[in-house]
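Presented sequentially are two complexes of subunit A, the first with subunit B as partner and the second with subunit C.
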Partner chain A sequence: MTDASVGRGAIRPLGRVFRISPDGPPLGTVMTFLTPALLVYLVFTAYPVLRTFYNSVHILHPRAADEYVGMQHYVQMTTADPTFWVAVKNTMIWAGFAPLLDVGIGLILAICLYAKAPFARFFRIAWFTPVLISYVVVGILWMWIYNFDWGILNGALRAVGLESWTRAWLGEPDTALVAVMVTHTWKWAGFNMVVCLAALSALPKEVLEAAELDNCNWFGKAWFVMIPMIRPTLVNLLILSLIGKMKIFDLVWIMTQGGPLWATETVSTYVYKRAFQWQTFDLGYPSAIAVFWFFVVLVAVMALKYAFRQRDRLEY
Partner chain B sequence: MPHSKAITRALLLIAISLYTAFSAGPFAWTAMLSFRTTSEISKAPYAWPETFRWQKYVEAWTGSNYDTYFVNSMVITVLAVLVTTVVGAMAAHCLARYRFRGNRLIYFIIFSTIIFPPQITIIALFQTLVDYGLYNSRVGLILVYVSVQLPLTVFLLEGFFARLPQDLFDAARMDGYSDAEIFWKITVPIGMPAIVTTVILNTVHIWNEFLYAVVLISDESKRTLPLGIQKFMGDQLEDIGMIATGMMIAVIPIVIVYAIFSEKLIQGMTAGAVK
Partner chain C sequence: MKSAIRATALVAVTALTVMPAAKADTELSLWSHWADQGSKIEFIEAGIEKFEAAHPGVTVKPTWYQKNPLFAALKGALQAGQGPDVFYCEPAQTEYIDNGFLLPLDDHLEMSNIEGWAADTWRHEGNVYALPLEAYTVEIYFNTEMLEDLGFDLPEDGQLSAADFKKLVEAAAGEGITPIVQGAGDRPFPGAYLTHEVLLKKIGIDAYGDLLAGTKKWSDPDVMEALDYMESLIEAGAYPRSFATMKLGESHYYFYSNPGGLMLPMGSWYTSRAFNAPDQGGQPEGFPLGIMQAPALDESACPECKTANIGGSFCVNAESPNAELAAEFLNAYADPEMGNLWLQKVLVQTGIKSDASTVSGPHAGYFKMLEAADKNNTFFQGTPHAILKGQCLETFKQVINVAFPAGQVGAGQAAQMMDQACSAG
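On to the complex of A and B.
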């Protein structure tokens, strides 16, 4: 065994996927370290992904051979399944608005703390807590908050004389989706706050001091200095949030199961319903939806990355 | 000027206090509900508990199967986190320390699964586990959790391991350490801060996980806490008091972890997003 078997450079070129090293380490050593991870990856990620692709062009009969149907599921999905389109629409609405809300609230909170609010540590910990609570608990809790008779939202409206505004927030198609979205943002705003705060804290003090000398107020500092400088972080957060909304399942399933009247149906809940709830025993059709959605998520992420690519990188 | 500055500060403080009430209030309210009976709650949903009924926790624990759910959650979380950590650290060490053809390709393949929506695997995972007799088994669920948490674990650990000074490894090599010894005696102890971060992070994720559990587990005796709470909610819709107690049983361990490791936890949850 030679010295060369331990990687020399800790800093490796990122752009290159293949690296050629004539004096590399023995294959055995590398394989010993990598095999468990690769095995887990192959059996529980790669194979299921391929199997889902296979499912999506077959009808899976429970007691008979799989029947190849080509693109039939995809055609049915796009042309003859209104519920699917409702699910896509709801998920798109969610993925379109909620990331801005999540990141926006997180950024404002972070700037508040960065502006040297007292008890910053306490606030930071209190605001982050919802991130750690399971969707099941969050969902039930907010079902109570939205409860028609004794939920605090209607209670507050009655207290200020807005009796006519009270409603069964999760029971009416007009408000159910917004109500679940608010709950999801409640859970995740703290996460965005903490990330923004970390990015702000990493900024060089001189720049902000210079802005202060120029008699810049807080809004000016935030808008013209802070936001442009932490832009890469904000883009990352938007993308993370978008991915989160595109696969949203847990909260919807707990709170509304997609109802009322498909008002909160998302692609994930619809896939779950078609696969495990409807007694059709056909896993092919929901697999086709999953494959379709997989590519939508990929394209959305790449499009966002492209749209927000940094043309002229700020160096500091 | 100082006058308007004071007003601005006061407004700021009011705004963040309001947000704190919004963010932490619901949780504090659940904690109060968990000590009150449903009949007390229905009289005054937002009152402070007159008597703290600790026995509700005993009741939930023994009478409503929460002991089973809790033990299942505990066993599944501990084992899945343990396996994820060992497997992930080995892979991360290899990818960070050894130069070989395909290194970056493997890293990229593992890492890219972070953005996969779970639907793309969940149906086939269900089929696969049924095929191998691992459906409705805790072992099956543990293995699935390992695979779900692995990409993030490898990503975080590789980033940290790659920054360890190369001299350490060269010195160890000269002292005649084997590859396995280098991993266990150099990378693991020195990489401990990063390993602890991933352990905490994975613990929280797996403890709270719902989708895979609901698809892959069907027996009452194998349910984890999130499934148990959902089941209890379905059966006893009106028993607000007991549901709240069950919710607290699921949340308390996380609160304890948070109280001890809040900095590490926040650091772990946000690693990768800061640029």
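On to the complex of A and C.
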């Protein structure tokens, strides 16, 4: 066998050393560096995912053989579980609106900083700080803000004579979801701001100066020049935000645990409840919800990528 | 060859040296709730000291949790075969028994030192699966001075009529006092206390058992009468506006400190928070505490009925290599002396046989008051959240515990939602 008869990339012996390609490092070296990472990936990512797929078509008995039930969990979930659909609805509302809020507010803040608004250095730190705070602290902080009796929000409303507007923001089904969404946006807008600011800072000065020469005002520059030019960044932020919202758990759990009356129940909180608070060791049903939702998130991300695909490449 | 002999000898010597030491240094692991309840921790640690003194070389290592993280940790650990030797458990957790995780304790505990009704709570198919340590009754604590200021006198039996109770709620609300300080923000049960007490009295023990077993409808006329009465209290402003988000600890503080309220329906484990030092969230010294009975509607089947339950218990992990020793450890608590110590330290009832007259100190008066309040009651064993399961339980938590008392759904809708969830199984 000659070297020419071996396809590029095939593993072949070169003397006593196996190499992936003729000029690449020896296979042993490659495996030495790859194996730890591969092991971590297999044990902590691949296996749990595959196991979840397996669980979703079984009833699990901790000290007995698993019972194969086929699509039973999926049928039950989609046809006989109203709470699941409430959780889906809430998650979709969240995933539909919150990414626009997160990225939109982040973009506006970034443009303010880029335009060198007064105290820009201070605001850059202040607006980014919530990103650094843990969900637990953010949750508790906003539960205080929303507290009916002594929260600052109701306090402010009372102070300006709007007593009738005061309410238990997290305790009423009409307002609880919005209240938690606002908290989440407050935490993440700063992250979007920083990424947008980095993208804006990387824009070529000549293009912006050309716009100025054409008598373009700040709004015009932002709307017609900057935003189109950082579009890939915005799309990626929207997709990241969407994925985050579809999996939202921490903040909801800390602030409302899905209540009141399932008004803030999300798919993730429902999975957790079914897995750990349903007085059963059977993880089959919650696994089925998790698998179903995995595909929903996958489809949503692909649809978003398709919808925002760049037809014309910007050149500058 | 020489080196092989040397190695074998070294292994043999090491084994002989290490093995007895390993046996003598057995460590039992204990995972328990009550991380923030000092008096209970003191009690458990007293039992550990007693056991360790009687078993040289054996130590017990407790890890203290809050309840929900403990239950989540246990689920994973037990399935993975990594569970502790002994752990906190509650009678509602029958899934532990169904899956064979608990060691039957009949042959390990001195059952004559355990109250029969308490053991029965943990009896499944003839076996007792836990040490029923904490027992409690559902009480209505109130501020005696506030009651007096509102112009109400409590009858000798401590029970206002349903009409008078409603007048009391209206009077308090009219004075800007929160009539029933309660929060259901972090627990699946306190919001339902008053509702299920009124319900229990109205329909009696058997029918109430049927209701919780799913063989009686929530839309039954007698059940609806109780729910309608509760709705009238809720509409009169019985509960605070912050009800749905107020946490258990906050409701205690609200009741006896700031801003203060008239009544706090609570398990008799009220004391484990209230009798802490005031700077640790306890009630102020000299707080005018009283206990009243829940109101009974006219023509109630059982006006003297009250809910009792076994709360915090301890189980032995059946898969533990130290299961027998762990059961022996629990038996250290199955002793009237320990029962008395529990009463003295925790001031809550216990499933261990004990003598309430041994309670002394600043809270002895409270315990006598509690005994008097329970003297003439007939008890239903078990709270709804300990009996209901699955979707029915979830709906109970969301509707009867939160949305109904918060005024978000009326009696009719609440009953309809419960029927829908509980009939679906």
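One rule holds for everything that comes next: the second predicted complex is superposed on the first by the 294 of 316 C-alpha atoms of A that agree within 3 Å, B and C clash if a C-alpha of one lies under 4 Å from a C-alpha of the other, contacts with A are read in each partner's own complex, and residues count from 1 in each chain.
Following the convention adopted for this analysis, contacts are C-beta pairs under 8 Å (C-beta built on N, C-alpha and C of every residue); 3 or more make two chains touch, one makes a residue touch a chain.
Please read these numbers as outputs of a predicted model, since none were measured by experiment.
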{"item": "Subunit B versus subunit C as contact partner of A:96, first or second or both or neither", "value": "neither"}
{"item": "Partner chain in contact with A:273 - subunit B first, subunit C second, else both or neither", "value": "second"}
{"item": "Which of subunit B and subunit C A:63 touches, first, second, both or neither", "value": "second"}
{"item": "Partner chain in contact with A:262 - subunit B first, subunit C second, else both or neither", "value": "second"}
{"item": "Touched partner set for A:243, first subunit B, second subunit C, both or neither", "value": "first"}
{"item": "Subunit B versus subunit C as contact partner of A:228, first or second or both or neither", "value": "neither"}
{"item": "Touched partner set for A:51, first subunit B, second subunit C, both or neither", "value": "first"}
{"item": "Which of subunit B and subunit C A:204 touches, first, second, both or neither", "value": "neither"}
{"item": "Subunit B versus subunit C, judged by how many residues of subunit A each one touches", "value": "B"}
{"item": "Footprint overlap on subunit A, comparing subunit B with subunit C", "value": "275-276"}
{"item": "Subunit A residues within the subunit B interface of the complex", "value": "1, 3-12, 14, 16-21, 24-25, 27, 29-30, 32-34, 36-38, 40-41, 43-45, 47-52, 55, 109, 112-113, 115, 117-118, 123-137, 140-142, 144-145, 150, 152, 155, 186, 189-191, 194-195, 198-199, 202, 218, 232-233, 236-237, 240, 243, 246-247, 249-250, 253-254, 267-268, 271-272, 275-276, 283, 286-287, 289-291, 293-294, 297-298, 301"}
{"item": "Subunit A partner contacts - residues on subunit B that touch it in the complex", "value": "8, 12-13, 15-16, 19-20, 22-24, 26-27, 29-30, 42, 45-46, 86-88, 90-91, 93-106, 108-110, 113, 115-128, 143-144, 146-147, 150, 154, 162-166, 169-170, 173, 179-180, 182-183, 204, 207-211, 214-215, 225-226, 229-230, 233, 240, 243, 247, 250-251, 254-255, 258, 262, 265-266, 269-270, 273-275"}
{"item": "Subunit A partner contacts - residues on subunit C that touch it in the complex", "value": "71-72, 75, 78-79, 92-95, 99-101, 185-186, 240-245, 259, 389-391, 393-394, 398-399, 402-403, 406, 408-409, 424"}
{"item": "Subunit C-facing residues of subunit A, complex", "value": "61-63, 80, 83, 143, 146-149, 167-168, 170-173, 256-257, 259-262, 273, 275-281"}
